[in-house]
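This is the structure I have questions about; it appears just below.
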Amino acid sequence: MSALAQQLGPGLLIATLAAPLIVLALFLAPASRGLARAITPLAPAPALAGGALAIGGAPFGAELPALRVSLWLDRPGGLLLLAAALVWLIVSVFALKEGQGRPNADRFAIAWLLTMAGSLGVFIAADLLTFYLVYALVSIPAYYLVAHDEEAASRRAGAVYLAFALLGEAVLLLAFVMLAAGEPSGSVHIRDVVAALPASPWRDGALALIIIGFGMKIALVPLHGWMPLTYRAAPIPAAAVLSGAGVKAGVIGLIRFLPLSAAFPGWGEALVWAGFISAFYGVAIGVTQRDPKTMLAYSSVSQMGVIAAALGIALASADQGAATNVAFYAANHVLVKAALFLTVGAVATLDGRARLLPLILAGLLGLSLAGLPLTGGALAKLAVKDLFGAGAAGIAAQLSAAATTALMLVFVMRLARSPAAARAGASRGRLWSWAALAVAALLIPGLMFHAIGSAAEVLEPAKLWDAIWPMLIGAMSAAGLWVVRDRLPRIPAGDIVVAEEAAFRASLSLGPTTERADRELRQWPAAGLALLMVALALVAAGYASR
Amino acid sequence: MTSATLAGLVGAALVGLGLYGLIANPQPLRKILAFNLMGSGVFLVFGIVARKGAGAGLQADPVPQAMVITGIVVAFAASALAVALVLRLFEAAGRATLNPDGWTEPPGDGAGAE
Amino acid sequence: MSLLVDLFSIVAIGAGVFFFLAGTVGLLRFPDALSRLHALTKADNLGLGLVVLGLLPRSESLLAALKLVAIWALVQLAGATAAQLVGRAVRRKGTAA
Amino acid sequence: MTVDSSAIAATAGGSLLPLAILVPALGVLLSFLIGGRRAEWIALGLMPLEFAVAVAIACLVWRSGQPLVYTLAGYAPPLGIALRADGFSAVMLLTAGLIAPAAALYARTNFATPPETEKRAPLVFWTLLQGIHAALSLVFLGGDLFNLYVGLELLTFAAVPLGSLDGRPETVAAALRYLLFALFGSVFYLLGVALLYGAYGTLDIALLAPLVRPEPAVWLAAGLITAGLLAKTALFPLHLWLPPAHANAPAAASAVLSGLVVKGSFFLVVRLWFDVLAALPGVIPGTILAGLGSAAILFGSVLALRQARLKLLIAYSTVAQIGYLFMMFPLASGPWAADAFSGGVMQAISHAFAKAAMFLSAGLVAESLGHDRIAGLDGAARAMPVTFLALGLGGLSLMGLPPSGGFVAKWLLMKASIASGQWLWAIVMAAGGLLAGGYLYRVLAPALSGESPALKKAPARSRESIALALALVALLLAFAPPSFFAFLQIGRPAAGLALQ
Amino acid sequence: MSVLQALDIGLASLVFAVATWTIFAPGAFAATVGYVVYGLLLALVWIRLFAVDVALTEAAIGSGVTGVLLIGAAARLRTAGTAGDEKPLSGLSRLFVAVLCVLVALALAGVVLLLPDQGPSLAQQSMQALPETGLGNPVTAVLIAYRAFDTMLEKVVLVLAVVGVWSLAADKYWGGAPGEARAASPEPTLAFLAQILAPLGILVGIHVFWVGADEPGGAFQGGAILAAMWIIVMMARLTEAPQTNAFWLRVALVAGSLVFLAAGVAGAIFAGSFFAYPPGFAKPVILFIEAFMVLSIAVTLPMLVAGPPRREPRQ
């Protein structure tokens, strides 16, 4: 198996990155545009194979020195790559075809392929520069997936999304530069720079920036405002891939860049706190929402919180093995969340009885997030159980499961009552891929689990009870919430983002001030005076540094 | 107090004067005057340098002198171009001022002579 | 002999300088443009003339002497023209201020 | 410390250096002499030759690993004048050698000369374009500070009239401001030169370097020369002349002015501080320069965000991008010096290509829509995708997103500033990228959405591809191999490798 | 103190006083006149610095031709007024500017005084190299031999300046003549002056250029004097400026730099280095080049003074 990996691996890694770009090239040529649309679902195939290969065997890598690209895939990366590729593959089956002929279809397709390349690339990027490149790819073109239809809401969501994305880029650029500067030999390989981090003089600055930068991507409270807006505004397929695959760029970022080899209790605990706060905050706001897509977004905020908390514990206790377990938890979320979004899309196109099956499926998927036995979710919980241990963290994890249960049940009921949208969206392909992804979301994690351990122990009574009781609490609180549903406070989607937008608008008043200053400075006497002062300042500087 | 030192002081003073005129004088033509004044001050500094470099039977180092001659010609060319611009501006706009404000927003295509 | 030459030079140049002085004073003190002009022209043709006259015997070559004379002649020409033009300008303006 | 004779002794192949200057100079004289439509043909005909010379110079420097030196008229410095080409000069020569022809080809439609009579704009444009080329070559190769003064004046005289080609009052006013401020700078420069000659009796850079000692004459000279050059580079707060001059010139001229001309005086600031004054402790002056640079980045970007016209936006982004160039000065000494230098140079080159591409595309936009108001750009990208692709790719480099030369430049500069513990610069540069993203969003977001507008005339594919090609060069710089950065270090005291 | 020192101090203070006047004079015209006077006085300062070549250039170009240029402009701008002018500086900021300027002046003065009295110099080397050039005037040698490259490029600067000035013409006037048309009845006095002065001046100009090889003088100064003569003739409106599309004019404008450039390239072929002169033939070649430079300067300066074309071209 590993021998095979060494033979096929490098090729697959390069193909993972190349395939979407090749399809893009085809798409840009008007002649082959139709062909490109048709074969888009095949673009993630190499990634799928590569992921499977990595889960099974030893890590493998590939170098393209001419392009300054170096790739590398290990087990955690493999788990996420596999899941992400699966989602991209299934959703691509209808995503581009559907849009065809509608306004902005081409723009959407180009953004789709670019985002795909980035989203798959982050899991295999091995050096700072490559990672920064693919991270930019997964973040920035997605703007056009979010702001696809040009209604006010999506414009706003797009602007907010882009602002956060660019801010994240800037923060990460600083972080990466610090990492590179801290590496004595001048290597930009992620493993080297992270290994050198504990000894680096810029350790804490780099860690802070890494957590903030990727925290934005995974919507760690209070950096989460963009996520609900975005997923509510984005078209179903876009929301599915972004919430499923796209967000995991942040997870892999934390996995790759947090120095899990050395213990950082302080930063670890900070991350744990931030994580659990997000986990419960997401649910608390989520249950007050009316719109199913927004609720799913908040559940993502909550789930990513759990992941952050898990990584925080690993960081505090220098637990390198944790990476794989967290990756598995995240991979499960990739599939389930994407499937849930497609379900929302499916439900919207049906009504009456026809909704029953999808709603049941939605319930199963939702509870899978909460760890329902016999679903991938149970395995996911199992994977991170030992990490949280039996202490306060363990309890918090259990409670977050309960909270998720509550949120998901309320979500299903809201979904059941959601108005039927125009049937136009209901293409056959969409229904098929929805079904396929739903099934995959429930089964694939089981297949991937052997990467971590045996699934048998899930069925031990004690473990079962551990899984069940939080869900019972969750179910009861869900019932309670449903009773008082109309008395819940109405909180705008994205909650604090509203305040953030206000602050931003306030900051715009800086513009006119600057303009006035500029007009003064561009007056001749002012400029002449400035020239004189610059000269004298430089003379004085020379004298001072004698 | 040699004539060279004296000229040096004058040169410095001229630079200061020209500088002031160049910055504080509102009319472009006066700025051009000030520029020439300042320039001649700089040339005088060259002159001092040349004078202090007297030797080898020469009363002054010829190299800086040559530079001054080149400089004077260049300064004249500059003044000529500047004056032409001032006059053109005066013809076109009825005023000769460097004030950036108050120009009409250029007609749509900023593409100049296209 | 040389003593005489020196004496001549001194007297001539001294006189020339005097005329310059007078002309300058006139330029500053006289009320209106035309009379100032009058004073000025005296200064340069007579004053400069005498100075040149005083210098002539001291010039070491004939060429130098001729150059001195040429200078005087040119200044005459320029001075006369300038005076003419200023005069016209003043008349055109009408005011003799 | 003594001069190694190699600094003033002519090297093999040095005779290419005067050619790089004389060929375009000859072009100026012939174009003006023969005039008519031949001016255009002379300009276009000589450009391949000029580029070939630049390439040859680069190859020789590359092969020998030493700077090329040529002593003119057979008189070695200090009496005579020397020309020198190190790695930096060669790269800048190549940049100019590529951008000038691109602008020329682009401008052919705007400045085509009618067969019968000679027309004003074409003759002036073609003559002055070659003048700029000659002046830049001189600035990049000159080894004598007074000779460089002549080069600077040549540059100013060639650049100023281009800004007022269309004769509208505001453009004439802009040109006048440009000229007077540039002259202001020239006088300062010349004064500094006089002092240096008075102190050391030579103006040859290589001969001065070992003589320079920290003493009043040098401090005053350094301050005056630097300030004078900054005035010509339009480093904030000395940018009063740049936005109107660059925004009102014909697109092709703007591309050359914004991409190349401001780099000329910047190049000399580098020469001054890295070569002439290398012996002086430069941290405090460098900090002042970088401080002004930071102010330029923030100030210029915010103003770019506020502009209503595309070309003004691009001009203000030049004000901001110039700021990055000066980040290298406080980082000039230390183990990170090589990174800082490479970063600064990379910024100069990539901005040259990116900005040229953006101005050319902006020109196409203005011609096709009949205006360049940002408010009126809705859907324009659908009507002329290639133009906006060029604009966007150029913007990518300005933002410093990979893969682009702008990213490499930023990366190196930020790395150096972090490594040297001078945090502030890194933070400012990161913020600058953010703001750049902001003002590009202002242009691209509307352009890519909404109904595509009706065009007055569709942009010619050939001209679009010129802009696109320039933008692509700016991107390809991201893949510059380590040997490229080694090349930049040729002629520098301490050679080092970047991006490793 | 000796008489000469007294003279020096008097001259210095006079120069300073006139300079101050040109800066602070109330009217632009008065200031310009002040500048011309200042230029002439400056020429005397240059004499006292034993830089006679510079003195000639300053008198001819720095004061003379520049003076004509500026006075002409001032006269035209008399009606300009100060509409939409920069808002004049407040008293306080004026003071601030003044203080900084004084600071610069003081720093400069200090440095100049600190310069060693027997400073570094290239006088020695210029004299040593002088024989190869066959010239007697080291300044000319620097201009035309040692630093020939500077001089050639500076000629190109002049050409660019002409292009720049002409570029300000209105499109319809392109190719036409600048300045006023030839007058039917020229100003008699001026005409008289011109008729007498011009021949003399031309003689002097050529003489100054010719002696320039060995004594003070040279192409710049000679050319400037010839230029002044043409300007006077044009001012007297005995003749009018030529059409800017006249081929002979273009030739005259670029001749100096073109010949110089050609000679420079020829030097690379025959004397082994760009702008080098074949040993033995140096002087004739130099005089050849200078002759064309005189021509170009004599034509360029008046054209720069005349400004952009202002009349439609005659076919």
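Read from first to last, the chains carry the letters A, B, C, D and E; within each, the first residue is number 1.
Please note the rule applied: a contact is a pair of C-beta atoms (placed from the backbone, for glycine too) under 8 Å apart; a residue touches a chain by one contact, two chains touch by 3 or more.
Small disclaimer: the values here were computed from a predicted structure and weren't measured.
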Touching chain A and also chain D, the following chains
B, E
Could you give the fewest steps needed to travel from chain A to chain C through chains in contact?
2
Hypothetically without chain B, remaining chains sort into one piece
Going by C-alpha centres, which chain would you call the most central?
D
Remotest chain, chain C as reference, centres from CA atoms:
A
Sorting chain pairs by contact number gives first B-E
Measuring from the mean C-alpha position of chain B to the mean C-alpha position of chain E, what distance in angstrom results?
13
List the centre-to-centre spacing of chain C and chain E in whole Å, with centres computed as mean CA coordinates.
28
Between chain B and chain D, what is the separation of their C-alpha centroids in Å?
25
Give, as an integer number of Å, the spacing between the C-alpha centres of chain E and chain D.
31
Name the residues of chain E that each touch 2 or more other chains.
86-87, 89, 97, 101, 104, 107-108, 112, 115, 119-122, 126, 146-147, 150, 154, 157, 161, 164, 168
Multi-partner residues of chain C (at least 2 other chains):
none
Two or more partner chains touched - positions in chain A
522-525, 528-529, 532, 535-536, 539
Would you mind giving me the full set of chain pairs in touch?
A-B, A-D, A-E, B-D, B-E, C-E, D-E
Interface residues, chain E side, partner chain D - complex
107-108, 110-112, 114-115, 119-122, 125-126, 129, 145-150, 153-154, 156-157, 159-164, 166-171, 174-175, 245, 250-251, 253-254, 257-258, 261, 264-265, 267-268, 271-277
Touching residues (chain side chain D, partner chain B) in the complex
79, 110-111, 121, 125, 146, 150, 153, 156-157, 160-161, 164-173, 175-177, 179-180, 183-184, 186-187, 190-191, 194-195, 197-198, 201, 240, 244, 247-251, 253, 309-312, 362-363, 366-367, 370-373
Chain E - residues contacting chain A, complex
86-87, 89, 93, 96-97, 100-101, 103-104, 107
Can you check the complex and tell me which residues of chain B touch chain E?
1, 3-21, 23-27, 29-30, 32-34, 36-37, 40, 43-45, 47-63, 65-70, 72-81, 83-88, 90, 94-99, 102
Can you list the chain A residues touching chain B in their complex?
519, 522-525, 528-529, 532
